[in-house]
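One structure follows; several queries about it will come next.
We call the chains A, B, C, D and E, going by the order they appear; numbering starts again at 1 in every chain.
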Amino acid sequence: QEKITVGALRFTSHAPTFIAYERGYFKQEGLDVELKFFQAAQPVAVAIASGDIDFGITALTGGYFNLADKGALKIVGGLFAEKKGYKGMAIMASNKAYAAGMTSPAKIKGHSVAITQVGSSFHFMTGMIAAKYGFAMSDVSLKPLQKVGSMIGAVKSGQVDAMMMVPHVAIPLDKAKAAKIIGWMSDLGPYQVTTIFTSTRNTAERQVQVKRFMRAYKKGIADYRAVMLNQKKDPAATEAMVKLIHKYVYADRPYEKAAPGIKAGAVYINEGAALDVGNVKKQLDWFKAQGLVKTKMTYKDLIATGYADMFDVPK
Amino acid sequence: MDLHLSHVSHRYGGVEVLDDVDFTVAQGHIVCIIGPSGCGKSTLLRLIGGLEKPSAGAVLQLGEPPADSRNPLTYIFQDFALLPWRTVRGNVSLVLEDHVLDQGARAAIIDDVLRRTKLSEFGDAFPRQLSGGMKQRVAIARALSVNPACLLMDEPLSALDSQTRELLMDDLIELWSREPFTACYVTHNLGEAVRLGHKVIVLSRRPGRIREVVDIDLPLAGRSAERASLEALQERLWRLMREEALAADQELADA
Amino acid sequence: MPEGPVPQARSVAFRGGGFAPRPVGIVGPIVFVTLLLLWELGSRTGWISALILPAPSAALGALEDLYRSGLLFKHLGASLERLVLGWCLGTLAGIGVGISAGLFSLARAGVVPLVSAIFPIPKIALLPLFIIWFGIGEASKVATIFFGVFFPTVIAVTGGIDNVDRGLVRMGQSFGLRWSSVVRKIILPGALPAILSGFRITASIAIILLVAAEMIGAEFGVGAYILMAGNLMATDQLIAGVAILSALGLGVGWLIGRAERFLLRWRG
Amino acid sequence: MPEGPVPQARSVAFRGGGFAPRPVGIVGPIVFVTLLLLWELGSRTGWISALILPAPSAALGALEDLYRSGLLFKHLGASLERLVLGWCLGTLAGIGVGISAGLFSLARAGVVPLVSAIFPIPKIALLPLFIIWFGIGEASKVATIFFGVFFPTVIAVTGGIDNVDRGLVRMGQSFGLRWSSVVRKIILPGALPAILSGFRITASIAIILLVAAEMIGAEFGVGAYILMAGNLMATDQLIAGVAILSALGLGVGWLIGRAERFLLRWRG
Amino acid sequence: MDLHLSHVSHRYGGVEVLDDVDFTVAQGHIVCIIGPSGCGKSTLLRLIGGLEKPSAGAVLQLGEPPADSRNPLTYIFQDFALLPWRTVRGNVSLVLEDHVLDQGARAAIIDDVLRRTKLSEFGDAFPRQLSGGMKQRVAIARALSVNPACLLMDEPLSALDSQTRELLMDDLIELWSREPFTACYVTHNLGEAVRLGHKVIVLSRRPGRIREVVDIDLPLAGRSAERASLEALQERLWRLMREEALAADQELADA
């Protein structure tokens, strides 16, 4: 048994990690996994660069690309992706802005948008909206608020006009009329939100271990897709899987209260951890164009192939 | 204006400091108060100047102070009490600023007192630039500027070295000879008491009671010639005080 | 003594006193309790909305929940471990460096400008570097506190040694005391009051830095609890967490006060 | 004088000196430059990886980029505005409250315990509340700095007034000075040195809090720049930002030094 | 052991403080050094004790100090220089701890010197609990504990009030009479100089030069009876010093 450490966040979108762990898929591959939990996505990448953990799952951010530029990180597969027909990130308006006419993503131009941090995935998503509806980044005013909680607070109180939000938070907010969903990121085209990644050293020196990790992980993904992407098909199986996930997500709430959130948070996850290479390139190019990432690196330097399917690979 | 202390007693919390002190300071006379450490001399002076209220008895002004006196009871402190952020002139000016006086009159008063205390050249110096003797001269100038009816001096020379002390004592005698002032002069130093006092009041150890009142009838100006008889007087005072001083010295501050 | 009938015997007017405000022992607690009561009342009547400020009773409730769940001591334990470790290491290193800077010209010339350049850098700004240098485990948290404590300790110790009465040092030398005796018996005891009052400051700094330190992937710890509460906008838990920090600060202050009273009892 | 042949005339042995380290003017800069050179060399040779610490030249480059892009002054301007506003308001309020606490027993009894309870609360812990209270605009940023400055100012002013020589106050009273004259001419000038050295501390605190203040939705500002650099793991920009803060701190320190030299020139 | 100052000069940076000072301190004699403020008296004493090196000239020990002397040249300072964190016994013990002595011997020495300075009851008091006179007695006890060959006293009484000064002067004379010690005694106070000195060295204003050396042949113990002749001597010294003292007093610290 090889000891490895995997970084995780307590989100439903990380469920395949918990499934593979709980159902012993890692053990079957001879991996003795220790889960290390983080409060935010950013430190996961830093922790891999500093050698604290072996594998991580996180969104692609400016910080991620800059770390990768120092040669420390490689993407080995894709996970959460926006796909038409599945509920992913919601685009929300504050009640005030909605009343003032900001009723669709196209009308965000000239408004303020709450993000956690400059260079975060929220920042990129704003960029996607701007590109789609043909306005410049300078047409919106970005409000970096450091924390998701602060974003929600700022939009609820009408201090900021718009934000992007995970579905299990966005839907209840909309229902409670605290804010308004005005669109979905999945309508804007493909978007590889999170990826599986490891250290460059692992891809160079421990290829077998990476392969075994990915094999186990893909089993977790398969279980997740079979149940969570179509929750009505087999309620008993869904119940069992939600119970499993509840050990890690919303563990401090009773099951009855936690279950709806877990279910609503079941976002689309690529089959077999396939990676949308074209979209990764697009993200890298966007961050470079914004001047947030200064690198001569291309998307090819980011990715270690041979561990998962690659699709939409640029010619 | 005379001053009369009528059966004055004072206590701090449970500590009795002064007990039934009763004497008079006659106009134009210098009364020296001596006594061992901690016997309440400074307290007595604070009571006389109205900086503290006696627990019993009263301090009485007999007769009106002169009309031109801006501060009838005026202190000269052991530690000079000069404002370090004001020049010599500024320090004198401080005590005139609350009186209605035009600029010119104020400047004239300051010039006059600085001249009398031989400080004319040092008007723009800050206290830190002055020697101890000079600082005390500034304090004397400041006191003179308000035309006091009675000077209250709390060991004015004891922070100075003995040579400077000699010089200042001569100055004080000269000032008094030119224009006699009334004064209560608290001191440790028997030599000062016999040189400057028309009357010496000897206090006992705490609680301070009057042990003896010694009158000295020699004129102030001639006293340096009469060293021998003063020496005898000083010896007598020292005998009165020796035991008390020894006891006061051997007390632990808080055992 | 002349006590005949004199004209116009007037008492000397009192003109002293004042300018000596004393802490009126009882007023402090009264002000505290009154404020808390007003706050509670305001919250109960809805005059202060729960969004703006939770009622003190709500914060107390959150504290109780925390205690019931057993997490209180887990959080406190984790934080205390970091505090004690970071503070002790920072203090030891600071005293060592401070003594050499206090005694040797060359050490001073090297250390003092560095310290004054690095000390004012906000530690939160350096957190990303700390993660890279010390990882995301305990080391980076302890290091944050260490750096917060180290620099002011150096300053306090150096300053304390500077302020030791040189007359006492010359006295020691005039009796032919060895260099080591002068340092051990005159310089260090003389610098002790300044060093101890430096401890007060560094202890506060350490507690203040707890929140920053626990920004780096801490699951448990009072700082992590406060951060989580802030994230969830759970203001009652936030206030409860802040109250824990305050209590911690008071406790440490009291401990240092005891230490001062014991070590400096010669001051009376 | 006897200068005949005496047996065993020996010079008295020297046993004084030492224990007076002086800043050796030149060593400080040398240490600095040497460290920077070593650091640069380490980075160039790859001994210090760019991941761990960027080369000083890289940080300088980032600074140059910032200057070229014209954003340097935008960041600095935004931060300075917050600093000046927050510091001035906090200082004014602090001086006002400090003076009343210094002069009146009742004010002291009410203020002092409150200040000592609230002062040690880490400001980052309260940021979520500040957002609710003051919004995400300039107000919350200024408020963060205000609170950071207010409490230590109160402490410095109260302490300064306490330390004014009561002998000088009694002197003023003994000359029959009015209450207002005593306060204006004796108490306040006497407290000035303590107040000014309080300014040094509050200025540092204000600069340190800049990063925390600009966590809340700031687009521009040195703190926001540092936070962004940290998020992007752009360590060269991070170091550049920290260097700007250091320079700001040095500049403010210098200004206060000038003010002290002017206002306290009587100390010589 | 005699001490000989051979043409000692000293300067601090550009300031000349002492100029060609040359005298001898004979064993068993007390040499008083007087002079106006800032003339270099303290500097001179530091040079004698080896706490500073003269710019020119030399301080010579003639002959060997007694074998049992643990610190031949021992200071008594104006400000007592007691460690506030040590008790009276601890302060005396401090200067013995670097010598090889067993516990019992050390305790015996301490007991002995405390008894000689009438401090036996105060062994466990901290300095803050003591009056100024008591503190200086502790400093004297500490000095005696190392069996000095020569005491170097820098205005040992000038921080005390005049009554305590009288008491301590009597104590010093008593100590000397029982067991004569060698001493250099720096003072401002002409009275002290004529009471304690076998020889009085008068220094000029800065740079300090020897203006006059006055030998006093009266035995120490009998001097209180001979007040009149001492008074004349004191007058003579005062005439020598008056001008210098005045000039020193009127100097600005930094103009």
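To be clear about the criterion, contacts are C-beta pairs under 8 Å (C-beta built on N, C-alpha and C of every residue); 3 or more make two chains touch, one makes a residue touch a chain.
All values derive from a computational prediction rather than experimental measurement.
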What pair of chains has the most C-beta pairs in contact? C-D
Whole-Å distance, C-alpha centre of chain D to that of chain E, is 47
Centre-of-Cα separation between chain D and chain C, whole angstrom: 17
Distance-wise, how many Å sit between the C-alpha centres of chain B and chain E, to the nearest whole number? 32
Where in chain A do residues touch at least two different other chains? 46, 49, 147, 149-150, 153
Where chain C touches two or more other chains, by residue: 15-16, 128, 132, 170, 173-174, 176, 227, 230-231, 233, 268
Flagged in chain E as touching 2+ other chains are 49, 51, 73, 128-129, 253-254
Touching pairs here come out as A-C, A-D, B-C, B-D, B-E, C-D, C-E, D-E
Could you please specify the touching residues of chain C with respect to chain E in the complex? 167-168, 170-178, 181, 185-186, 189-190, 192, 264, 266-268
Contact set on chain A toward chain D in their complex: 42, 45-46, 49, 61-64, 66-67, 70, 72, 114, 117-120, 141-147, 149-150, 153-154, 157, 159-160, 292-294
Can you list the residues on chain D that touch chain E in the complex? 1-3, 6-17, 268
Mind listing the chain A positions that touch chain C in their complex? 36-39, 43, 46-47, 49-52, 147-150, 152-153
Chain C-touching residues of chain B, taken from the complex the two chains share: 2-4, 6, 22-24, 46, 48-53, 58-64, 73, 253-254
